[in-house]
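Below are two complexes that have chain A in common, paired first with chain B and then with chain C.
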Partner chain A sequence: MSEFRVTLSPALGGRAAVSRKGISVEAQPEGTLLHLLVDPTMGDAVRLAADLMAAGLELRPLTTGQWFAVGDTALAHADLAALSATLKPQADIVDQSHGRVRIIVKGKMAARVLSKGTAVDLDIAVFPVGHATTTLFGHISAHVTRIGEDAFELIVLRGFAESLWDELAQMSLEFS
Partner chain B sequence: MTPYRLSSGGLIDRSSPLSFSFDGQRLNGFVGDSLASALLANGRLLVGRSFKYHRPRGILTAGAAEPNALMTIGRDGRTEPNTRATMQELYQGLEAKSQNCWPSLDFDIGSVNGLLSPFLSAGFYYKTFMWPAGLWERFYEPVIRRAAGLGKATYQADPDGYEKIWAHCDLLVVGAGATGLAAALAAGRAGAKVILADEHSRAGGGLLSETAAVSGNSASDFLAQTLAELASLPNVTIMPRTTVFGWYDGNVFGAVERVQKHVEIPATHLPVERMWRIAAKQALLATGAEERPLVFGGNDIPGVMLAGAMRSYLNRYGVAPGRRVAIVTNNDSAYALAGDLEKAGIVPVAIIDGRADARIEGYTGKARMIRGGYVSDAHGGKALSSISIWQNGHTEKLDVDALAMSGGFSPIIHLACHRGGKPQWSDEKSAFMAPDGLNGLALAGACAGIDGLAACLEDGAAKGLALAAVLGFDGHAPTLPEISGDIVNAAPAAFKIIPGVRGKAFVDYQNDVHRKDLGLAVREGYGHVELAKRYTTSGMATDQGKLSNVNAIAILAEARGISPAQVGTTTFRPFYTPVSFGALTGVSHGKHFQPVRKSPLHDWAKKNGATFVETGLWYRSAWFQRSGETGWRESVDREVKNARINAGLCDVSMLGKIEITGKDAAEFLNRVYCNAFLKLPVGKARYGLMLREDGMIYDDGTTSRLEENRYFMTTTTAYAAGVMNHLEFCAQALWPDLDVRLASVTDQWAQMAIVGPKARTILERIVDADISNEAFPFLGAAEVSLFGGQVHGRLFRISFSGELAYELAVPASYGEAVADAFMEAGSAHGIQPYGVEALSVLRIEKGHVTHNEINGTVVPSDLGFGKMVSASKADFIGKRMLAREGLHSSERLQLVGVVPIDPATSFRSGSHILAKGAEATLENDQGYVTSSCYSPHVGSAIGLALVRRGPERHGEEVMIWNGLRGEFTPGRLVSPVFFDPTNEKLHI
Partner chain C sequence: MASLVTCPHCGKRPKEEFTVKGAALTRPAVDAAQDVWFDYVYLRDNPRGAYQEYWHHTSGCRRWLVVTRDTATHEIFQCHDAAERGEVTA
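== the complex of A and B ==
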């Protein structure tokens, strides 16, 4: 069936951005999201960063020895294999590009809206740009990174993406 | 006479009138009024009926402790019972109704209870309604509940929204009176992140009712100036209408903000209430003190009010309590009221002071002073008409229409005791004080026993500054304003039993507990404070004894001849005041009740007619109904048969999937599974059994070796998260020396099972590689490309049905397209989707187990997996405990198949197995059915069961007994594999 044309069905496909006063919620394109598992004796973020930047990816700290590398465009299968080979033996790549969904929450009220879901203190003095953690938004686990003074990136399991989206829409209702 | 609105004064906005209704009567008030102040301004003294005796009740307080003025506000779904009129802001169109009265507040049939009161003392119900016992639930309790009670909740859905939110601060100040404002300002100026919360609609506390001058200006000017400065500090948040209701572990405080409880039609984009969880590095209680009533006869008659409350209505709301006002007190504070009344043109007819030597500095009024006297009784029905004054054994009657009382002050220390601390009695303060050593919580001002505006400002500022300094914020001691005209209590009030009382002297207004009830409790052996509370109900209900506890304890102490310290108190627990279920629920109802976890094939299943079933948070397709099918069984039978004859496609994306990498991944798996994994070749899948440390089976699934150091593990759906946690624990805690790395990839892959004799034919059109039996035999595992390299996925030749079967995993967002392609490629071969019900039938027919059988009580040999357990491995989880003697007993319950003798009969999972002819008793129980279904292949019901020595008893007739339903089905034990016992189909 090589004539069959495969189409993508993104988890939040068809969801228009939520835009309210001082807050917007936007689904990112399902580009690239790699889970990096680093050999604790060999790797660190600094050594990985150059190779990943070359591939157009940014690092998000996940936990000890683990990072997410994210980018807006999908890496071709061959490019992913090449990157994987480049990073060995320092790090193993697990492709999560379809398993995680990125949502950007930004605006002056972003931290306030997110604080309806998470117990993490998002004050910029405590949670500066580049800082990341995994937390619960309501009942849904998500990884949150501050990507700007008033901008956050949430990374959520694909299966929960719609529910988290609905929660964020509800949480931001105050500013409609 | 009745209370009335003064022509001037108060902090109400007289240019903004509001109309509202009480029991259907239209009344008017102003912006800035509370419902209570507006009712008083309209001359309404009678606002409710008491709980037990249905006595007429008026407004007693001006705050959160109000026990009498409980009303039902709103209508339909917005009906809110037991609202304290003192805390309810007035708004245009507000509808209030009185409670616990019939047919009307004015004429209440229930008030006959007052006449029966000699029979209705504490403990009456316990003593009287003992027999016949059966009548209690059917008759006594319903009747009593109808006669006594508070408001009624509505049965209609609440149309409004609620939400929850977190906040974090350096310092939380609870209470925005003088103390709290000074503390917030001092800490805020020092740079600390401060939250200042207050339960009232406006910040200010006592300053809103204060007539003392602050630096030569009015208290309200000082308040406005202070609030303006606080508002200008970006690090300070002022939260009015916010009740901090509880102190919890980690210095987290619960608070409810009444966002839209003061508007007629709430805006739909805002919640009506918002529940805050405030994580504070330090907290300061500036919650003030509660004025105590005096316990004299008729102290509940409408027109009797606490002195501080009367002052509040007078000064803040411009409402005079009456024309002939008396004041009874045992401390100095009430003289401030006397002075304010005189300024408003109402000279009190008498000030009755229990202290014979009372000399009040700062009071120079014209009121008649009666020193060493008490009000022994108040008289009147629905309104106060006179009082009896007892002095030195003589009684004098005085006509009055309002009486202010002050029995001293109880520091509001509830929050300080929410984490287990017990209040400590202080003889010096004549009150219960917060315990010492509260980590992260301090008290200031009146709640710390400090009296007077100047002292409270000073204490607040000092403690705010000190707490900021603890957190590293250095500030300067502020210049405190000069206070003039403030009356400060020279000494706290001592409690005394009032002599000469004739009428009912209420201690707990809300529960109708009077002085004699407490005496009776002591006489009948319930004098311990905890017993007395239960026996009399003093301190229960919505106000939780805010006004009554200290008086009750003092009366118990007097009756028992001990000190209040020895009596002690009952326990303060959250919530400080009632919290609505709406606020506690937040958005977690309806659509937001719980998250939905959707498979990447959800939409594919939906468009193919799936009926979904909730499995944990997953929505799984249960079956795919076709037109003409009348019941689920019909659909499931068709799906099963078709999978065995043609081909079926099933969404198995919900299985847990874990990718395991690292140099020691093979060794890791070898230790995690009880069967051998070290030598699993690349390109192969293997079924694995994971044990718990106690030797019981924890989970099962297949694990495939994709590369030398890369494995793909599947787990059961239910245990996906548990297995991931288990593996992380093993890797991090048990064997940190192993190089192994784990990633959950459950959501990355849309995984589908293609099952049936025509599975390969269909799959060959999808997958680019050669998947012939020779090239890709049973238990093969490989990365494959699809549709000429458009998509890359993973293919596994594994079977849960006994048929030729594959599982294909593709990146999730391609799932729907690939499933569509399967349906298209398979249409000529009779492919049909099937759901989890058919999946279950297929696996029971094949004798495969799930967590129905792996139920925490079975070891591998119980399920016929004994030979899988490696005898040669040095170690694996569960190895040692599996060697226990009892786990090898021949008497264990073991897996067996079961069928009804008459194929027309059936049985249910959970039914028990009895030997043929044995009596249906627990002693004769030989096991139970773990899974059952109708098998189209067998043509009858079939089941899997765990039965004592099951594998040795194939062919034996038994009785299948459902004790809950009284069903007995003659059955036969058989092999658990009903389909293709020689596994030929797996290898075609």
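== the complex of A and C ==
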């Protein structure tokens, strides 16, 4: 972990929230985004979640043995180092705060708009609140979590954030 | 080519989310004869019918899978995580 944080201008800094009838698209603050690589044989995941919650972070399932931990505020270097030490040897952290951006898509039409971009079935019966997966939206790979009945969080690589944003703005045009 | 692949982790996904590495072959012993290694690295049977390949779910769970599919009918018979079995049959 680097001793100094690189200060970046927000990837979607210039973008005002897209607000339409039954759908809105907003950029989240570029706070903390950690990639967790977890050894499932080392103790239980409940403790892991508790440690992260204490640091003000929420867990998002990513893939087998891997999670994202996200938060709206940037963790100080010392706090991140302390968290990293607490989680070892059960989990290793890769700080991705500089590398991935979060976008919230919410409203009654959110699932309908997102369905234009992905083959994943977003019906709440099979994709309940808290469920997450990685998929293609058009040609852009993004991680999607249902954070509410009508709300989704997209996590996308920083370099693709503007493209995904533009596509979401376009896909939601029919509801303006 | 098959257009929908049922990933054991993610469910049914379009083939665009995957990267195909090629035939899932059993790796020869390190000291196997040169012609055995030549066969393993370069020669493919290109069968009409069942074929077993390594597929990577690049835009999904990023796990390596072993997909058994029919090269003629595009039907997928089986799809499992490559880590589930140490060895593959080909």
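We adopt the following convention: the second predicted complex is superposed on the first by the 166 of 176 C-alpha atoms of A that agree within 3 Å, B and C clash if a C-alpha of one lies under 4 Å from a C-alpha of the other, contacts with A are read in each partner's own complex, and residues count from 1 in each chain.
The criterion applied here is as follows: a contact is a pair of C-beta atoms (placed from the backbone, for glycine too) under 8 Å apart; a residue touches a chain by one contact, two chains touch by 3 or more.
Given the structure is predicted, the values throughout are model-derived calculations rather than measurements.
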item	value
Touched partner set for A:Q90, first chain B, second chain C, both or neither	neither
Touched partner set for A:L8, first chain B, second chain C, both or neither	first
Which superposed partner A:A119 touches (first chain B, second chain C, both, neither)	both
Which partner reaches more residues of chain A (counting touched residues only), chain B or chain C	B
First, second, both or neither for A:T135, with chain B first and chain C second	second
Contact residues of chain A, present in both the chain B and the chain C interface	119, 121
Chain C - residues contacting chain A, complex	9-14, 16-17, 58-63, 81
Residue numbers on chain B that touch chain A, as the complex places them	161, 163-168, 193, 269-271, 277, 279, 587-588, 591-592, 594-600, 603, 617-618, 659, 661-662, 709-710, 739, 741-743, 745-750, 765-766, 768, 786-788, 790-792, 811-818, 821, 824-825
Residues of chain A touching chain C in the complex	63-64, 119-121, 133-136, 141
Residue numbers on chain A that touch chain B, as the complex places them	1-2, 4-11, 30, 35, 37-39, 41, 65-66, 77, 92, 94-100, 112, 115-116, 118-119, 121, 123, 126, 138-140, 157-160, 162-164, 166-167, 170-171, 173-176
